[in-house]
Amino acid sequence: MTTAAGYNFGYLDENSKRMIRRALLKAVAVPGYQVPFGSREMPLPYGWGTGGIQVTASIIGPDDVLKVIDQGADDTTNAVSIRRFFAKVAGVATTERTAEASIIQTRHRVPEAPLREGQILVYQVPMPEPMFRLEPRLAETRKLHALADYSIMHIKFYEDIARTGHIATSYNYPVMVDDRYLMSPSPIPSFDNPKLHRMPALQLFGAGREKRIYAVPPYTKVRSLDFEDHPFQPIRADGTCALCGSRESYLDEIVTDDRGGRMFICSDTDYCGTRAAGQEAAE
Amino acid sequence: MAYVAVKGGERAIDAAHGWLAEARRGDPECPDLSLTQIEQQLGLAVDRVMAEGSCHDRSLAALAIKQARGDLIEAAYLLRAYRTTLSRFGASRPIDTDAMRLRRRISATYKDLPGGQILGPTFDYTHRLLDFALLAGTPPPPAPQATPKREAAPRVTGILAAEGLMRPETASEAAPADLTREPLAFPADRSMRLQALARGDEGFLLALGYSTQRGYGNAHPFVGELRVGEVSIELQPPELDFPIDIGDITVTECQMVNQFAGSKTEPAQFTRGYGLSFGHSERKAMAMALVDRALRARELGEEITAPAQQEEFVLLHSDNVESTGFVEHLKLPHYVDFQNELEKLREIRADALRNAAE
Amino acid sequence: MNPGFADPTLDAQTSFRAVLDAMAQPGRILRLHASPAQPPAGLAPAAAALLLALTDADTPVWLDAGPAAAAWGRFHAGCRIVDDPRQASFVFASGPPPSQAALAQGSAEEPHLSATLVLEVAQLAAGSGWVLRGPGIDATARLLVLGAPADFLAQRAANLAAFPCGVDTILTCGPLLAALPRTTRVEAA
């Protein structure tokens, strides 16, 4: 096990890790509640995943296998940068395979392959407060959570429907956790929201700049906010992946020319690569 | 499949870092900049980086400035990220600015006062003409020397307080919270607020302070006193019953005197806004003092009408390491969410166009 | 003074991950593999590992394990030992514990400021005993606990009624531990 000279295993000092670990335990004990924590400056900037990085740094051990994705892909520059950081400061094994990872740190996606018990999914969260666009004052939203008063969110959705016939939120679509706390699932596409419901893996959420940690334990009820006559509908481009042929996965739209040419490919590179390799082997 | 050739992130990062290192160094024919040169000749930049980086170390701040190519916010961030890995050994005793070895001390409220006015090394009365003599690098003529007066220089706010005109501040023996170890909570107490302002972005605080002068917050400020100089840092180890002097640092302190209309229970009097900053940084200390006073609105029962009086707004947006991170993160890929927005917009537009056609 | 963790960094990480697993999957029994080899008198290995892994100068600790354990905690964890369990963020009970209602509950706005009770019991076994339901549990889990106070389930029920406030409990038994976060509904079999 090799780690960077001059820095502790996992970069953070033991006091900071303990503080974050205590916050994580309380977060798991009160699913969906945002626990304030003494977020530290990290060598990667605020807004670039410092919350997720601090959570991962506090839980990771030498036996872990880490996968880092950004936009579903392992090879986007920020995912590469974060994976390298942990390889350097914790000396852990890294992987691009969802199934092989014990910890998956993600920005903006939930992997397509179902996660299993024992895995931990760490989300990078920019704005942990689901109501921040409606009520930016933290002292106020804290009261609303205490009272479980989420009427401003319902009214906002109702107004969307009255105006356009649709709930206008497409990503960072708020969810109710265990019928108690309104929670931001982080800016994942609403397509991914159903995956949070009763997921066998532990889900941890870290917001570094906003200094909040929250969690969803395994098998916990997670419901996307909606109305009986306007049920939640996840959105996906109506297309087929040009690489693996998937009609189920979440797709990225690629502009191929300046004459309106478009193609679609899976956003989850491991899912896509595994499928494409399977098809090649079958041929 | 040229359009999806996104592999290669690792190589791209390595190449970009190589290019950055070259760009930072500039023309190799030109002599490398030494940290001593930065410390000595760009001292105010060093002071700003120490203040916003929350770490008093001139040579590390100089290193950060060099590494950041002169980008002072980037340099403050480098210093903060280093600082956060250090262990906290303890807290010093409060510094005593009454006992400051003064380099500069001015009051705008009294023509003369005990300890006198000391103009010191200031830009204030220079004519802002580019000095082409600096091009030649000729050393400046020696400044006139004088023997320092050993006269006590009590703080102006104390002089006003002796007359009962200054609203007293209640001293507290409670251990102040530590912003570097726990998150801000609202309402924030004054120690937490002052910590946040002390490391806040100079430009942001300057704009907010300025806004209070222009009617957004109803301030009538006077510079009671601005002082710059050296103070001792003392540590009291638990095993000893006397403090140990561990060194001197330069600080700038501003006490801004403001009118207070009084209330049903309190007579009209002056109140203070307080600013303190590492190094020589008058603009920062003054802006901080204006904003501190504006943020006392709730405590003093004043109506909160202006941005500078809104505690959450001010304190949550004053940290430039946080704000630059979040603004600049918009450069990261967002195509998953953008795709979702595209589909949503197409869906809503299709509905609207269909309805219009019917 | 008995030694603490053999490897303070990695043993703390291993112990924490076990508690995190336990808290995320209430009723699941985990064996701690990195406990201090010779915990002080009055503290069983798992409880001793939790003390080192989770407490420090920022966490007031109450314990009933006696002066040797208190001195050991102060020395290795740097934690502050308090006399009043109401002030503690961690309560380590080897004997009859203080009532859960008498511990820090947190508030509706800050439910995370509640105490964590670490309770040593005589036996922990899976597959029979109490029936557990709630977040972290796929339908139901079973946990056999011997040696908890007679009114433990009544205290749990009162605790649950105060949600989101409430105490989180970690049951320890020698090298084993299982968690009952405040969300877990517990019924006698």
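Every chain is named by a letter (A, B and C) in the order it is written, and numbering of its residues begins at 1.
By our rule, a residue touches a chain if its C-beta (ideal position, glycine included) is under 8 Å from a C-beta of that chain, and two chains touch if they have at least 3 such contacts.
All of these numbers come straight from a predicted model, not from anything done at the bench.
Peer 1: What's the chain with its C-alpha centre farthest out from chain C?
Peer 2: Relative to chain C, the chain whose C-alpha centre sits farthest away is B.
Peer 1: Among all chains, which one's averaged Cα position is nearest the averaged Cα position of every protein chain shown?
Peer 2: Answer for the innermost chain: A.
Peer 1: In whole angstrom, how far does the Cα centroid of chain A sit from the Cα centroid of chain B?
Peer 2: 34
Peer 1: I'd like the Å distance between the centres of chain A and chain C, where a centre is the mean of that chain's Cα atoms.
Peer 2: Inter-chain centre distance comes to 29 Å.
Peer 1: Measuring from the mean C-alpha position of chain B to the mean C-alpha position of chain C, what distance in angstrom results?
Peer 2: Chain B and chain C have C-alpha centres separated by 43 Å.
Peer 1: Provide the list of chain A residues touching at least two other chains, using ranges where the numbers run on.
Peer 2: Answer for chain A, listing residues that touch two or more other chains: 8, 15, 19, 36.
Peer 1: Where in chain C do residues touch at least two different other chains?
Peer 2: none
Peer 1: Considering the complex alone, what residue numbers of chain A touch chain B?
Peer 2: 7-8, 11, 13, 15-16, 19, 36-43, 45-48, 50, 70-73, 75-81, 84, 107-109, 126, 136-139, 164-166, 168, 170-172, 187-191, 209, 211-212, 235-237, 242-243, 250-256, 263, 265, 267
Peer 1: Using the touch definition from the top, list the residues of chain B that touch chain A in their complex.
Peer 2: Of all residues in chain B, those touching chain A are 1, 3-4, 6-10, 12-13, 77, 80-81, 83-85, 87, 180-187, 312, 316, 321-322, 324-329, 332-337, 339-344, 347-348, 351-352.
Peer 1: Touching residues of chain A toward chain C in the complex: what are they?
Peer 2: That would be residues 8-10, 14-15, 17-19, 21-31, 33, 35-36, 58-62, 117-118, 142-143, 145-147, 178, 180-181, 198, 200, 202, 215-221 of chain A.
Peer 1: Hey, which residues of chain C end up touching chain A in the complex?
Peer 2: Interface residues on the chain C side: 8-10, 12-14, 16-17, 19-21, 23-25, 53-56, 58-59, 89, 107-109, 111-112, 114, 116, 135-138, 163-164, 168, 181-183.
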